[in-house]
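Down below are the structures I want you to see.
Both of the next two complexes hold subunit A, though its partner changes from subunit B to subunit C.
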Partner chain A sequence: MSENVGIVIVSHSSDVARGTADMVRQMVGPEVPLAWCGGNTEGGLGTSVAAVMQAIRDVWSKRGVAVLVDLGGAETNSEMAIEMLPAEMHGSVVVCNAPIVEGAVMAATEASGGSSLDAVRRAAEELYPR
Partner chain B sequence: MSSRELTGPPLALAPFARVMGAVCETIDAHADELTELDRVIGDADHGLNMKRGFAAIEARMDALSAMPLSAAITESGKTLVMTVGGASGPLFGTLLMRFGTELGSGPLAQATAGVSPAPLPTRSQLARALQVALDAVKARGKAVRGQKTMIDVLEPVAQLLASSEPVTPAQISACASAAAQATVPMKAERGRASFLGERSVGHLDPGARSTELIIKAIVEVIEGE
Partner chain C sequence: MNAENDPGTLRETASVWLAHAGGLHARPAIKLTKLARRFACDIMVGVAAAGPWKDAKSIAQVLSMKVPVETTLHFAAQGEGARQSLDAIVKLVESDFEVADAAEPRDG
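After this line comes the complex of A and B, so read on.
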């Protein structure tokens, strides 16, 4: 299997993240590297930088990773996580400005066709027309 | 105005443990208030998140106190990033991380690196470090002054510290308090409160309040020295 862009789902809620990943998996099957995380270090609502870093590592390849987030803290913590990963990964991990569920599904569908990271991100972000 | 950089005598800054201990204590003491402010215009977790982060710093206090001051501050910032769990983590974490790194760099710090006991930072060094840290927070949060955030307290305090006028600890406290109150009529344009739009007007921003509390706690320790 040739590598596809990986997808990471980051929600304040582990239920939301897991459920979103289930939906993505059902849509695109095993062809797209997929990881999810949700909740803070105590298991409450929030996000954990360490968990995001691990999720990115789990799906990373040279093709890159698209990260889908819900509200503000998930975005800032994901950006922080990317900065704390090795420098060679920085340019190929992006946080998408898209709704988390729909964006993850769109991004994964695009990724399953072998598209570039840029195309994957655009597919997710077109859901928020400007 | 002289073009010489402001030097002046070092501020009578207490060791890290006394200052950070006071900060941890104030956050813990005001956690419910911060959560309540965040319930009104956020998602009701600012107090809980900050309490978690500063409790994590408190738990590492012995190890942190043994480090050079700049490293202790930087490491405290990293602790916040890894434990807070909300947007405040990267924001307050970046504030401390950049503040600490900046204090530990630069020609004066390099020149005195081997000196023991280490000289305390001068007002000028603190002002420069705070400005660098503030810029990093603005970049991290993609925000500027006037959007009803912690920046609305940090920026006036940074400007006061960087001015060429003499300044007392009490003036810094007063500046922080006034700046936090000034967020009340603002409309939130960043963060969860921005979802409320006009309804955020008339409420104190929780991030501004926690920033005020942190600054006042630091000033109180310095004043007491």
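After this line comes the complex of A and C, so read on.
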């Protein structure tokens, strides 16, 4: 079976990130590469660029990666993480403009069908258009 | 495929009563789309026999219907495995979305 687009969940809270990943696994299944990260390096609320980079690496394939974030800082650090990855990965990792839980579930559902990165991002963003 | 128009005369159809608590919300909708995607044929879903139709393989389209509980779901399929796909989908809905894994998998 060919690879699917990977999903990365980035929250200020590791509980939120882990719980979101649990929901995705349970509702969508195991066929989507999935990684999550949350909290800062001191164990408090926040996000870590290094952790986001590692999560992206964990699920990256040529199909690409869709990143779901909660608040502004998670988006900023995720964008920074993407910029710090090798050049060949840049065009294939996108941060979705979607609520983190609903977006992750929709993106993973779309990804499980083998859809392209663009279709996965749209699935995350269409449910609650902003 | 334009999901809104009549998909043609050579198609299979089916309808089934949706008794699932909460209607066709995320969890059952995901099972429905995943099952639909196992089949090569086009599969459409609606709440009336004449449409309008949404693509049953698109989670965004299925959820946009916001189908409440106690509604009749209508399906139309055209192409390879059309009858098989609708039989499997009806079985899924009638089982209250419990038997998705019992459907015949596509050859990979």
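Basically, the second predicted complex is superposed on the first by the 129 of 130 C-alpha atoms of A that agree within 3 Å, B and C clash if a C-alpha of one lies under 4 Å from a C-alpha of the other, contacts with A are read in each partner's own complex, and residues count from 1 in each chain.
Throughout what follows, contacts are C-beta pairs under 8 Å (C-beta built on N, C-alpha and C of every residue); 3 or more make two chains touch, one makes a residue touch a chain.
Bear in mind the structure is a predicted one, so any value in this text is a computation, not a measurement.
With the two structures aligned on subunit A, subunit B fits next to subunit C without clashing. By the touch criterion defined above, A:A50 lies against subunit B but remains apart from subunit C after alignment on the C-alpha atoms of chain A.
Within the superposed three-chain model, A:G72 lies in touch with subunit B and out of touch with subunit C [touch as defined at top]. Here the vertex is the CA centre of subunit A, and the angle it makes with the centres of subunit B and subunit C is 150 degrees, a multiple of 10. In the superposition on chain A, A:M80 makes contact with subunit B only, while subunit C stays out of contact range.
Residue contacts after overlaying the shared chain place A:T41 against subunit B, while subunit C stays out of touching range.
Looking at the superposition, the partner that touches the larger set of subunit A residues, subunit B or subunit C, turns out to be B. Once the two complexes are overlaid on the shared chain, A:E88 sits clear of subunit B and of subunit C alike.
In the composite built from the two structures, the nearest CA pair linking subunit B and subunit C is 27 Å apart.
Judged by the document's definition of touching, no subunit A residue lies at the interface with subunit B and also at the interface with subunit C. Those residues of subunit B that touch subunit A in the shared complex are 43, 45, 48-49, 52, 81-91, 93-94, 140-141, 190-192. Those residues of subunit A lying in contact with subunit B across their complex are 40-42, 44-50, 71-73, 75-77, 79-80, 84.
Across the complex, subunit A is touched by residues 26-27, 30, 33-34, 37, 57-60, 63, 108 of subunit C.
Contact residues of subunit A toward subunit C in the complex are 1, 27-29, 102, 105-106, 109-110, 112-113, 122-123, 126-127.
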